[in-house]
Amino acid sequence: MDIATIVGILSAFALVITAIMLGGQLILFFDVPSLMIVFGGTLGATLINYPLPDVLKVFRVVKNAFFHKGQTVQGLIGNFVTLAGVARREGILALETNINDMRDEFMKKGLQLSVDGLEPNSIREILGTEILSIQDRHKLGSEIFTTLGTFAQALGMIGTLIGLVQMLKTMEDPSTIGPSMAVALLTTFYGAILANLFCLPVAGKLKTRSNEEVMMKELMTEGIIAIAKGDNPRIIEQKLNAYLPLQLRESNFR
Amino acid sequence: MDIATIVGILSAFALVITAIMLGGQLILFFDVPSLMIVFGGTLGATLINYPLPDVLKVFRVVKNAFFHKGQTVQGLIGNFVTLAGVARREGILALETNINDMRDEFMKKGLQLSVDGLEPNSIREILGTEILSIQDRHKLGSEIFTTLGTFAQALGMIGTLIGLVQMLKTMEDPSTIGPSMAVALLTTFYGAILANLFCLPVAGKLKTRSNEEVMMKELMTEGIIAIAKGDNPRIIEQKLNAYLPLQLRESNFR
Amino acid sequence: MDIATIVGILSAFALVITAIMLGGQLILFFDVPSLMIVFGGTLGATLINYPLPDVLKVFRVVKNAFFHKGQTVQGLIGNFVTLAGVARREGILALETNINDMRDEFMKKGLQLSVDGLEPNSIREILGTEILSIQDRHKLGSEIFTTLGTFAQALGMIGTLIGLVQMLKTMEDPSTIGPSMAVALLTTFYGAILANLFCLPVAGKLKTRSNEEVMMKELMTEGIIAIAKGDNPRIIEQKLNAYLPLQLRESNFR
Amino acid sequence: MDIATIVGILSAFALVITAIMLGGQLILFFDVPSLMIVFGGTLGATLINYPLPDVLKVFRVVKNAFFHKGQTVQGLIGNFVTLAGVARREGILALETNINDMRDEFMKKGLQLSVDGLEPNSIREILGTEILSIQDRHKLGSEIFTTLGTFAQALGMIGTLIGLVQMLKTMEDPSTIGPSMAVALLTTFYGAILANLFCLPVAGKLKTRSNEEVMMKELMTEGIIAIAKGDNPRIIEQKLNAYLPLQLRESNFR
Amino acid sequence: MDIATIVGILSAFALVITAIMLGGQLILFFDVPSLMIVFGGTLGATLINYPLPDVLKVFRVVKNAFFHKGQTVQGLIGNFVTLAGVARREGILALETNINDMRDEFMKKGLQLSVDGLEPNSIREILGTEILSIQDRHKLGSEIFTTLGTFAQALGMIGTLIGLVQMLKTMEDPSTIGPSMAVALLTTFYGAILANLFCLPVAGKLKTRSNEEVMMKELMTEGIIAIAKGDNPRIIEQKLNAYLPLQLRESNFR
């Protein structure tokens, strides 16, 4: 559960709405054709830009921006120290039982390859390809949201141009100029809100989440290779601790 | 057949036209000299920017954004497992018959090289060069559409500047100011529509298609190399599965 | 203590305030709902964009832009020459006592690894990972400030759009147009000030500080590896001096 | 002779001029001080930005955007197959006579090095440095045109600001406002035309030409190395064909 | 002495001033508070962005954009051919006397390392680090000018916003609107001039100078390594000539 995403969206929208209501009625900012152009047009442009399955997948991906339960790096390092100890004392085959208890598929696959006796370089190659394709898939989610944000702002401008042209062409009663122009500006407003208070920051959160996950997978790769090589648990701890800031490091020795 | 591209273009244009008609007549948004400046000028600038054969090639490339029939990754991995099995049981020369049945030229070339007994490193080198030049050719299509989109917006602004200068120089009857300015804004509108509802998203789709194809070719390279090396079919499956998200992986081994 | 940051902020704000007061009253530039939209909205968008712990960490990081006490490169090179001399004369184990007197954790860790007899390549690998993760953590601070600056400008524009729509919709008394529009522009003004006189330059300072620290750590890595390899102190000095501009180089060898 | 560049420039300018004449007199768009600011200022800024010899060299380079006679890739591959055949049958020294007939200096130098008996790695190193410095020189031409385009737009805006300030300061007769503002906008118009219908697309064409030439040189390097290694002509053809799209490949072997 | 920089600055400013005087009085474009905001604010933001010593160093660096006396590449290559001849005939120790006559510190250091008998790989490593840190220091100068240019434009906009708010809040006498708005626009004008006719092109010149110097240093490294390896002077000439365009190459061997 990512509190920050929800708090951020709720507080940003609450602030904008409060600010609007301090200066006038909220209903002035509601216009159906403008909403249609911005939301529909943005979705249309995005469908041209990405294959349908990728756009649909985004709805599954966006929940990563709201819900997220991660394993701590410290816990993971502790696990590796334990596993390395077992492998050293009882041989690498003894890890087979530990593998069955794990939930992370990447970890299971990597350790299984070690137990199967693949040489470290092949393990690194297979896990490296896996990390690269995880990265590609994650990048897509973040990219689609950035694209949505960019098109939302462009469609907002297109809507305002439509409104301005209509207003200028039929400019007879000067008293209608103000309200017509206000409506024309609403699409730019919708586009800016959609982009800056939803699409772009969600793209940013997805990118951060992806970086975190890739860092965890790289740490796992280092640990798995070290176990396959039969490294000393203490050296493994030191290698893996390098991924952590100093104040968060814990040692299982002394 | 890429449904998303067609649905995207149709729905985006339908929405914009509906929104225009809710606020006035569609004919107000039609002006021949403005269309001339934006469409002709954009094409002119693009012809300066790219060699003629490249621009002509784009018309062949753009259909990739609309029509696309891809092989599934799972099917391809299955193929490799079968081929590796044949090569292991009957020797790599036995693949000669399988090669004749294939349609993908890249796959045929790569396997032929293996059957010819080239060493894995040379195969990787040749196929790598091939992937790089496929990428270069694809990037060009996406790049030309991005350029078209950028110039469309610039020409839109140039057209609006022309209209504004003409209006301001001959400003006698105040009642004509509005309509003249509306016409001046039309070029910006055309440029924004052309860029954001056609050129830029098509550029994006071409880039996505290119990434997909390159990923397939890289997977093929891995598979071909693995067969040339005489790898175990099970290891090959594991290596190639790394390109797939977990939930889409299938195993041919119980 | 980074004088430049404080002098920069104080002088920039003093100049802006002086310039405002030369042209009118300062109070004209103060509007609570506008401040709410820009500051609150920017913070909200940033909370959507980054995980909560990262945003909180920024407050610890920002002090690096104001306070900074660095070791000089020359002093560090001198240290290495001394350490290399000790290691050469008395053996690398003799460095153990020197390690206890050091304050820099990176230096301590690296030398401890040399004393423990790890081979140079492993030391480089461990210290390299450490530098990479220091870099990642630093980049985050600078990135969050850049994001704050970008959203501040976007929220400024959103606030101005809100003000313009409200003004245009209720345009009855022409004498209120000017002041209403002035208030609408204030959010853009706040966004521009927040971005350009605080967030973006602080992001720049954090990036510079990070580059400096990484350069120091790389120099330390080179020095530690050279000691582990048993290099001649004079060669070490020459290698490390390459990080310094000519006019700042000092030699410990006449 | 690059038809596209000339057709592009002529058609784009013809369209803009036609569009202007449909709406008024062409003379309205002609103003000497505005031309002075945009053209002179852009040139001035570019002279600050680049050393004089580089700016002068651009005039020699720009003709590459208009005239271009290239060797076809297919012909080049055919040449290499022939040369490899000669080298195989009669020894590499037999190529000496072929070298004298060549016009391309890069090709001559590379083959001469092979005939001189340099080992393939040294040849690759020398030719690689050559390609890198060709690339650097080409990039400069494209870069200078991009810079010209950027400054043209900036100077256009500076000119408009000058015009606006002058108009606003001396605003007595309302009937002069329109024409004065029209003149002020002309510099922005000139800047946009200069940038978007000349500088930026020419920069693009130079970049495309450079990529093509570098690709040819890389293909030549591959071929020369292969001959120096004594590769089989058929393998050479296959290696070099990888640079071509499938439909353009020709084989010299049935 | 870099004529282009001085000619560029003088001609650009002369043109802008001439253009202003053709349309009105120069004094209209002079306003002290506007100058204060743009120049002072830009400097303030830059001081926040960079450490004080880096900003001060810029004044030493900027003279590189105006004064520059370079060694020609051809001369340098000739030097290396001579040195390689000496080293071949009389042994590498014979270069000691030549080193004392040189002025370039990089050249001296590199040759001294060869004479001291360091192996080529160590020499390359030391000189490589040296080039990297020269590059870092040069990049900083160019970067600070780019930052100055960016902040100048932002402060210009902030100043205009201040002027607009003050004008709109106190809009009583319509006849003062024009002149007030003219003054408000002056800051944008100052920012655009400072950025586009000074900061950004100087940043560009510094970058070009840095690239030239790095290219010279890379050529020197190649030459020094080749001498240390005892390469044939003719091969050295051929290797180093690759850095030059064909028409500028000279040979010391008939």
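Per-chain residue numbering starts at 1, and chain names A, B, C, D and E are given in the order in which the chains are listed.
Operating definition for what follows: a residue touches a chain if its C-beta (ideal position, glycine included) is under 8 Å from a C-beta of that chain, and two chains touch if they have at least 3 such contacts.
Predicted, not measured: the structure shown is a model, and the values here were computed from it.
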Shortest contact path, subunit B to subunit C, counted in steps: 2
Shared chain contacts [subunit B and subunit D, defined touch]: none
Interface numbering overlap (same over half, different under half) for subunit A and subunit B: different
Cα-centroid distance, subunit C relative to subunit E, in whole angstrom: 24
Whole-Å gap between the CA centroids of subunit C and subunit D: 39
Overlap residues in subunit E, where contacts from two or more other chains coincide: none
Overall pattern in which the protein chains touch one another (line/ring/star/complete/other): ring
Chain order, ring traversed from subunit A with subunit B following: A, B, D, E, C
Subunit B contact footprint on subunit D (complex, rising order): 2-5, 7-9, 11-13, 15-16, 18-20, 22-24, 28-29, 65, 68, 178-179, 181-182, 185-186, 188-189, 192-193, 195-198, 200-202, 204-205, 208-209, 211, 215, 222, 235, 238-239, 242-246
Contact set on subunit D toward subunit E in their complex: 33-34, 36-37, 40-41, 43-52, 54-55, 105, 109, 113, 118, 122, 125-127, 129-130, 133-134, 136-137, 147, 151, 154-155, 157-159, 161-171
